[in-house]
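These notes open a run of structures that come right after.
In the two assemblies presented below, chain A is common to both, partnered first by chain B and then by chain C.
Right, the complex of A and B next:
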C-alpha cells in the first residue's frame, strides 16, 4: 500500500466532525454570551448614567475579568470544551487563553516561565489583530481619503 | 533479521499505579491509584517522577532487592529528553539506560533488557515507564486549563507508571522472542490522529514477525496492540486485510480497554503506560492466554517538525510472551 492509497484509507476511516451541528451550537452559545454582555451594557448605562462607549469599555473589562477568574477557579476549561467556539471566539476566549498559559507556567519562574509563555496562545491574536486593523485603516484612508 | 529469539528471559514481577480517571475506568488489578493529578507534589512533572519512584520502590521491596542487586535499569517516558525516567534514575545507584519510542517505549525497554539477560550480561533488570495526561497535554498540545477542543480521532494520554522486573530465573511468564520495528513515514502529519500514523507500522512489524519466525496468526492465542485507539485499530485491520490478506480474529487493542464509553476520551487511551497496564491487568491477570504477541506502537512526533509539515514516523516493536 503506497502513501496515497493509505491517505485515502485514513480519510475513509476518519469520523467526520458534524460541522453544521458545531456551527449552530457555537452560534447559539456565542449569541447567548452577546445577549448577556448587551444586558450588562444596558444595566451600566441605566444605573450609572454612562454613555454607550464608556459602558461598553467597562463591560469588556468585566467580561475579561470574569473569564480570567473562572479559569483560575478551574471550571472555565470545562465550559470551553463543551461550548467550543461559542466561548473561544469572544473576548472570553482571549482572556482564558492568556490566563491558562499563565497558570501552566507559573511554577517555572516569573521571567522564564510565566513571562515568556504568557502570550503563547494569544500572541497570534495580538499580532494578526494589529496587522489586520492596520491594513483596514490603510484601506479606509486610500478609499475615503 | 529484525526478530530475536530468547531462551532464558522471564518476567518476575510488576507494579503499577494509575491516575484518577483510569481508576474509575475498566482496569481493576493495579497496585496503587492516585486521587488527583498532583499526587502530593508541586507540579505534574514532579508527580510523574514520584509515580515512577513509588512503583520502583515497591517492586524492589516486594522482591527484597537493593540497588546493588540490580544489574540494569531501563526507563522511558514521553517528556522531552525522557526527563521523568532520567530524574527517577538519579534516585538510585543502578546502571541506567534511557529509551524512547514514544508509546512503544515499554516494549523497546523490554527488548533491550531481554537482550542483556539473554547474552548473560545481566541477571536482574528493572524496566520502567510512565505517562501523565497533563504533562503530555502541556508538552504536545495546549495549556492544561485551556480545555482545547479535540477531534474524534484524538487519543487520551493515560496517567500511570509501571515497573517490571526481568530475570534469568524461570517464572511463569517467558519472553520468547521479539521483533524490532522499522520507523515508517506514510506522509501523515496530523498529530491528532496518531492511530493512523502507527497502524501501518504495527501491520509491518506483525508481518515481519510472522515471516521471520515462520508462524501464522493462529499460533498466538491473542495479539495485543498498544494504543492504536478506535480509529487506528480499524486502519490496522484494514491494512492487514488489503495488503497482506490477513484476517485477525483473536485481537485486542489496549487503547480501547482502559476507559469506559462514558469517559470523554475520544478515540481511546494512548501513552507508553497504556499497554503494560492492560497487559498485566487484563491479559496476564485472566490466565486465559498462553501465547501472546504484544505489539507496542509509537508515534514519533516532534512539535517543531510537525509544524514544519513533515510526515510523522510511526514505529511498532513486538514481543512474544509464553505463559505457563
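Right, the complex of A and C next:
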C-alpha cells in the first residue's frame, strides 16, 4: 500500500462529524438558554421590582451557580459535549471551565494545584477581554478627544 | 417579542461559534476569547447596547457580554475620573461574573470530587 492509498484509507475511517447536525443543535440549545435567561430576568424584574441591569446581573450569577453545581455533580460535562457551542458561548461555558479545572487539580494541593490552575481555561477570556477593552477605551478617548 | 429575539440572537451567536469550531482547528478556548473580544468591539461601536435592548437575556447570557461589560465599565470609569478611571472602572460591571465563578467554583470544589 502506498502513501496515497493509506491517506485515503485513513480519511475513510476517520469519524466525520455531521456539521449541519451540530449547527442546528448549537442554534436550538443556545437559543433555548437565551430564552430561559430572558425568562428569569423578566421574572426577577416582576417579582422584586428590579431594573433590567440589576436583574441581568442576578440572572448571570444564577446561571453561573447552576453551571458550577451541575459540573460538580458530574453530568454537565456530558451536556457540554453534546450541546457543543450551544452551552460553550453562554456564560455556562465560562463557569464550566472554571469549575472543571478547579475540580481536576484539587488533589494536587491548594496552591500548586487549585490556585495555579483555577483560571487555566477561563484565564484567556479575562486576559483578552481586559486587553481589548483597555485598548478600545484608549482609542475612543483619542477619537473623542 | 423579546423572548423570540432572545432565542434567535443567542442561537445565532452559538451557530457562528459552532461553525468556527467545526471548520477550523481553533479550540473552545480560542472561541470564547474571540467572542469576548468581539463583544468589546461591538460595544466600541455602540452596537451591543442595541443588541441587549432587542434581545435582553439572549444577548446578556453570551460570553461577549463580558467583553461589553468590561468595556462599558472602563469607559464610564474614564468619564467619571479620567485616565485612572479606566483601571478602577474596568471591573465595576464585569466583576460580578468573575467573582461569582470564583466563589461558586471554590465552594463546590470543597464538597465535590471529580467524576470520570
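Operating definition for what follows: the second predicted complex is superposed on the first by the 118 of 145 C-alpha atoms of A that agree within 3 Å, B and C clash if a C-alpha of one lies under 4 Å from a C-alpha of the other, contacts with A are read in each partner's own complex, and residues count from 1 in each chain.
In the analysis below, contacts are C-beta pairs under 8 Å (C-beta built on N, C-alpha and C of every residue); 3 or more make two chains touch, one makes a residue touch a chain.
All of these numbers come straight from a predicted model, not from anything done at the bench.
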Answer with first, second, both or neither: which of chain B and chain C does A:121 touch in the superposed model? both
Looking at A:130, would you say it contacts chain B, chain C, both, or neither? Reply first, second, both or neither. second
Once chain A of both complexes is superposed, is A:6 in touch with chain B (first), chain C (second), both, or neither? first
Considering only touches as defined above, state whether A:141 meets chain B (first), chain C (second), both or neither. second
May I ask you to name which of chain B and chain C touches more residues of chain A? C
Just checking: does A:78 make contact with chain B only, chain C only, both, or neither of them? Give me first, second, both or neither. first
Look at A:44 in the shared chain and tell me whether it touches chain B only, chain C only, both, or neither; answer first, second, both or neither. neither
Going by the contact rule set out at the top, does A:14 touch chain B (first), chain C (second), both, or neither? first
Which parts of chain A are touched by chain B and by chain C alike? 17, 71, 74, 84-85, 88, 97, 99-100, 103-104, 121
Inside the complex, what are the residues of chain B that reach chain A? 42-43, 138, 142-153, 186-188, 193, 196, 200, 231, 234-235, 238-239, 242-243
Over in the complex, which chain A residues touch chain C? Could you list them? 17, 19, 22-23, 25-42, 52, 56-57, 59-61, 63-65, 68-69, 71-74, 84-86, 88-91, 93-95, 97-100, 102-104, 106, 114, 118, 121-122, 124-130, 132-134, 136-141
What residues on chain A touch chain B, complex-wise? 1, 3, 6-7, 9-10, 13-15, 17, 71, 74, 76-81, 84-85, 88, 96-97, 99-101, 103-105, 107, 120-121
Sort out for me which residues of chain C touch chain A in the complex. 2-3, 6-15, 17-19, 21-23, 28-29, 31-33, 35-37, 39-41, 43-44, 55-67, 70-71, 74-75, 78, 86, 90, 94, 96-98, 100-102, 104-106, 108-109, 111-115
